[in-house]
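Next come two complexes, and both contain chain A; in the first it sits with chain B, in the second with chain C.
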Partner chain A sequence: MSATQPTPRGSHCGRTLVIATHTFTQLARMKVFYFLAIFAVIIIASNFLDWQQLQGPEAAGANALASIKSSSFGTMHLFSVVLSIVATALLLPKDVEDRTLYTILAKPVPRLDYLAGKLLGVLLLVFVSLALMDVLMTVVLQIRTSMIMEQQTELAQAAGYTPDAIASLRAETMANGPNASLQGAVLAVFLRSSIIASLALLISTFSTSTLFTTVISSLVYFIGHFQADARDFYLRIGQAGQGGFSRAVSLLVSLVLPDFQLFNVIDAVIEGQAMPMLILGKLALIAIYYALFFTLASWFIFSDKEF
Partner chain B sequence: MPEAAPAVEIRDLVKDFKTSFRRQRLRAVDGVSIRILAGEVYGLIGPNGSGKSTTMKALLGLVVPTAGSCAIFGKDSLKVDSRDDVGFLPENPYFYKHLSGAETLRFYGKLCGLGGCQLRDRVDELLALVDLEGARDRRLGGYSKGMLQRIGLAQALIQEPRLVILDEPTAGVDPVGSRQIRDLILRLRERGITVFLCSHLLEQVQEVCDRVGIIFQGRMIREGRLDDLIAIEDQTEIVLRDASPELIARITSLVAGVPGTDLVRTGKPRTTLERLFLREIREEER
Partner chain C sequence: MNIWLKSVILSLALLAFGAARLPYEAGLSHELRNARLLPPHLEINTLDKIGQTSSAITLGGLRTLVATFLNLRAYTAFAEHRWPDLAKTFNLIVDLAPHTRYYWETGSWHLAYNAAGYYLHDSDLPPLRRRELWRSYILQGHAFLERAIRNNPDDWKLLSSLGFLLTDSNKIPAFHDTNACYAAAAEAYLKSAATGRTSGFEARARLYSLARVKGKEAESLALARSLYAAGPQNRTPTLVMLLLVLEAHENPSLDVAQRAIQLFKTPQKAYSSLSGHWQRTRDGFPVYGVSAGLLSLENSLGISKEKSVLTKPLPPPPSIDDWFHN
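Moving on to the complex of A and B:
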């Protein structure tokens, strides 16, 4: 053993990154990426839906591509939500149960670094998974778009379409293929995951079991889809009575409980609409706000927790 | 020159836990004070549930004292920087099973701010110290209990701490593994590292500790230097090798002729079952 000498403590960022990369490795070694194989099967299977037998050349392109996008985003949605909740809910209780948390907190590791590292690790895994799924979806869409455009041209020519009409049809199909809006929508899926994961982190700091965290996080996610409607309804009642108080309560609810309806823009992108940068920027700010809010609330609870 | 701060300073520590039933308070530690100087090996002994682990957790800031204070080298235990100079091995540690021995040490080293060649050398050095070089790339899921305890001890030493806290370091380990861990503790003492360990294996504590404290139902009932505590003041031991029966008879008659002195017993000293076990194992290995 070498002589005792002062050891550098490292920075907050350094420690957080160490815990994040370790959490990523831990989850990856749980064979989470096997899910990508299922994703690939779903995407390939969605190619076999033969829309052109059912409708004319206009609908054939849009529907076939929408089918691929819809199944891809459906799987991305499911994967990101399940992973964000379950992985986050699993990590903290497991460390406490296995007493690995003792050995980590017995090192010069502030509890905020530990929490932030765990959250970042889960988000890193979700990000990498979504990025891989995005690449796969984009490649399949690109190939399928080219094939569809050729088929459409043949069908349109057989049906006696003018060259202008055929060009317009091709442009419409191109708009349903891979584009920047689609990448924006994948980013929106990730932003939604970051809110859900940080919410699950908060619940796991006071929860007594993984099951409790999973159930409550799923419930809050579900409620988040009706939050905006409930607030509108409440405000309408408030206008008849104490308007100021109702608005204050409504504001408080929206500060604490995320409105997941805002992410419905993803559905519009699947249908071929563009994703404005302004909307994406707004979603990013909302996600950062809730992720920070929930992480700081987690720290507030976790800092006084005894083991 | 000001006196150097003790490695451990626990003053009038009280820790109450709320039980879920009727929210009644349970006093786990009741007014415990411990002072361990740098370089000492201190053993805290007591039966299960006597407050040993809670005392250690309070020292590491894992639980907040209800009253009293804990400090490590003069730094308040509730502050993160007090952990700069501490290594901790919990009772029955289960590290991340997906990591290998070397990866485990690298992970804990990075948490302490180590990196590059310094970390690589330290990992190699510690794997050699705990005799796990052959299992460095094996995942911890395949480690035996004794190997887990040794890798646990290595992670506790990763940042070269001046104080090592060991909670039941040989719990569930076979005699060979237990001996290896004891030898490691003795090597730490030789290097001037302070060791604070708790155990209910009294013979083990007796072999390695300079001072001991006996804790029972949350209270410190006896504390002091081991030699002082276990010596029987009114008796003297003489151990002879190859003594003839005639010599024994002469000594016995000599003692009988001195008023006020009694011969308590004569006979052959016995080895311990553990020493016998280890000797037989070693002979079999040869």
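Moving on to the complex of A and C:
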């Protein structure tokens, strides 16, 4: 099919964007955004996971903010990973089933543009979903943080705290409220999803079914959380001057699987730690590196695949 | 292209790509761990205790979410007085979320105060068993707080909570060396105040602890003087009284009554404050010169011997034997 294709017209970006927009619309029509209603229920319910067990101004509402953040991020995490895997796994089989793939490939559309467009469509969907969830979380968190700060200030004033101590208390509470690090953590959730989506795309280019792609991608995602342990094991054994089979296996795991543990910085942010922009930049760099490699590898497999 | 050839090329590319990113990932992982942005590795033991499903969720990067739900489990254990379950659950929670102050504080409070209090009052167990459990839970709460501080050395509240526990007159009999407790509390309060994020109580609480450490009277006096000079917000009745008794220790010939009048403004207030301090036997504060000061003030105020605070029975000091008496 590719040998008889005429020369493509227009830019790569233009074609990719058209396919991405189409993919986004196609997936949005599957009523994915209904999930946001469930998210809203979860985030509102997490507000009630607060019963003050400790006394003192510092303890007032301390658990509520942590509950809202951990529940929101947990939901974002699960949603983004599941959506990235399942939506990507569906792309090629659905296009084959609908015969859209034949129509597209019969036109002067390079296969790389097609794959990149499909992947971008999924990522756009994940990004929009995460952005909407982020807005919801930030609004709820902002309201709750203000309420808690008001309560804490009243208690602190009654307990005779100095203005400096009250300011320090407010700063501590603010650090657990909506802030730049929290937005960075949402971006980290998206970056992790982009790796898993591009990996699922690679698997789907040689897989025989949607189920196979979903299962293998999920497994790789799960095992990817141990990649760092395998790498540490390999490097430590290397330092000890030992060798053997275990070293080879740990090296293989380190080289083949992505390191998803790096993205667990999200947990630290939920606990109130600040995430420097530089760290976010480094995570973005590695996510782009993975996404590019997996997309190119997908194209390599897909380039002369017969349908 | 042949499918086998493609597979070989792809595999080689995958390995080359992996080799290229390996040092970067190892460096970034190291950097994140040093910045405490990545949690420490979970022990196999912890994963076993969480259970298979939660372990999978935890390893999948949802540690704080699992910690949130385990906190619900811990609350149920607290409500049902299942103290061993509560201890186990909080140990899991802090393994998952080691930098969340709330979990450390709540866990130590449940152990040292609620579980210990339960065995002090509500149990049908024999006294010796109750006493052993009471002590055991206070020590567990203390160990939990010390672990909290090792994980979060800059957290002022955890340090303050440790100081509070070590100077609690209802808890101190659980520890063997009272003097060491007060010294450790003073150290904890010092570190807490040094963070610069405290309310001012921690700096005064350091003095309250240090003043009770035998052999630290001179250091305590210097601290009391600096706090007193720092401003009226520090001139609490306890601090002013400690300043007085420490001055009396430094200078045994000090006219305590006169100095008390100077510090507390009127002879009546001076007598009332000295009386109150004399009766605070449970707190174990030093009482250098207090009886002489009281006698002198009683003479000048015309208080009869029958009404003298010195002839009234003193509240008994904390005693485990009394608490766990049949």
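Everything below uses one rule, namely that the second predicted complex is superposed on the first by the 264 of 307 C-alpha atoms of A that agree within 3 Å, B and C clash if a C-alpha of one lies under 4 Å from a C-alpha of the other, contacts with A are read in each partner's own complex, and residues count from 1 in each chain.
In the analysis below, contacts are C-beta pairs under 8 Å (C-beta built on N, C-alpha and C of every residue); 3 or more make two chains touch, one makes a residue touch a chain.
Nothing here was measured: the structure is a model prediction, and the numbers come from that model.
J.: Identify whether chain B and chain C fit side by side or clash on chain A in the overlaid structures.
T.: With chain A as the common anchor, chain B and chain C both fit in the superposed model.
J.: Could you say whether A:26 touches chain B, chain C, both of them, or neither, answering first, second, both or neither?
T.: So A:26 only meets chain B here.
J.: What angle, in steps of 10 degrees, lies at chain A between chain B and chain C when each chain is taken as its C-alpha centre?
T.: 170
J.: Can A:150 be said to touch chain B (first), chain C (second), both, or neither?
T.: Neither partner.
J.: When the two structures are overlaid on chain A, which partner does A:304 contact: first (chain B), second (chain C), both, or neither?
T.: It touches chain B and chain C both.
J.: Which chain makes contact with more of the residues of chain A, chain B or else chain C?
T.: Of chain B and chain C, more residues of chain A lie in contact with C.
J.: Identify the partner contact of A:256: answer first if only chain B is touched, second if only chain C is, both if each is, neither if none is.
T.: second
J.: Looking at A:15 after the superposition, I want to know if it touches chain B, chain C, both of them or none. Which is it: first, second, both, neither?
T.: So A:15 only meets chain B here.
J.: Look at A:226 in the shared chain and tell me whether it touches chain B only, chain C only, both, or neither; answer first, second, both or neither.
T.: Second partner only.
J.: Compute the least Cα distance separating chain B from chain C in the superposition and give it as a whole number of Å.
T.: In the combined three-chain model, chain B comes within 10 Å of chain C at the C-alpha level.
J.: Using the superposition described at the top, list the residues of chain A that contact chain B and also contact chain C.
T.: 304
J.: For chain A, which residues count as touching chain C in their complex?
T.: Listed in rising order, the residues are 46, 49, 51, 53-54, 58-59, 62-63, 66-67, 69-71, 73-74, 77-78, 156, 159-162, 165, 168-169, 172, 192, 221-222, 225-226, 228-229, 231-232, 235, 254-256, 259-268, 270-273, 275-276, 279, 282-283, 286, 289, 293, 297, 300-301, 304.
J.: Which stretch or stretches of chain C touch chain A in the complex?
T.: It comes out as residues 1, 6, 9-10, 13-15, 17-19, 21-22, 24-26, 28-29, 31-32, 35-39, 41, 56, 59-65, 67-68, 71-72, 75, 78, 97, 99-102, 105-106, 109-110, 157, 196-200, 233.
J.: Please name which positions on chain A make contact with chain B in the complex.
T.: Its residues touching chain B are 1-2, 4-5, 7-11, 14-15, 18-19, 22, 25-26, 29-30, 98-100, 102-110, 304, 306-307.
J.: Applying the document's contact rule, which stretches of chain B touch chain A when the two form their complex?
T.: Answer in residue numbers: 57, 60-64, 80-81, 83-84, 86-96, 98-99, 107-108, 110-114, 122, 125, 129, 152, 155-157, 159-160, 162, 165, 187, 191-193.
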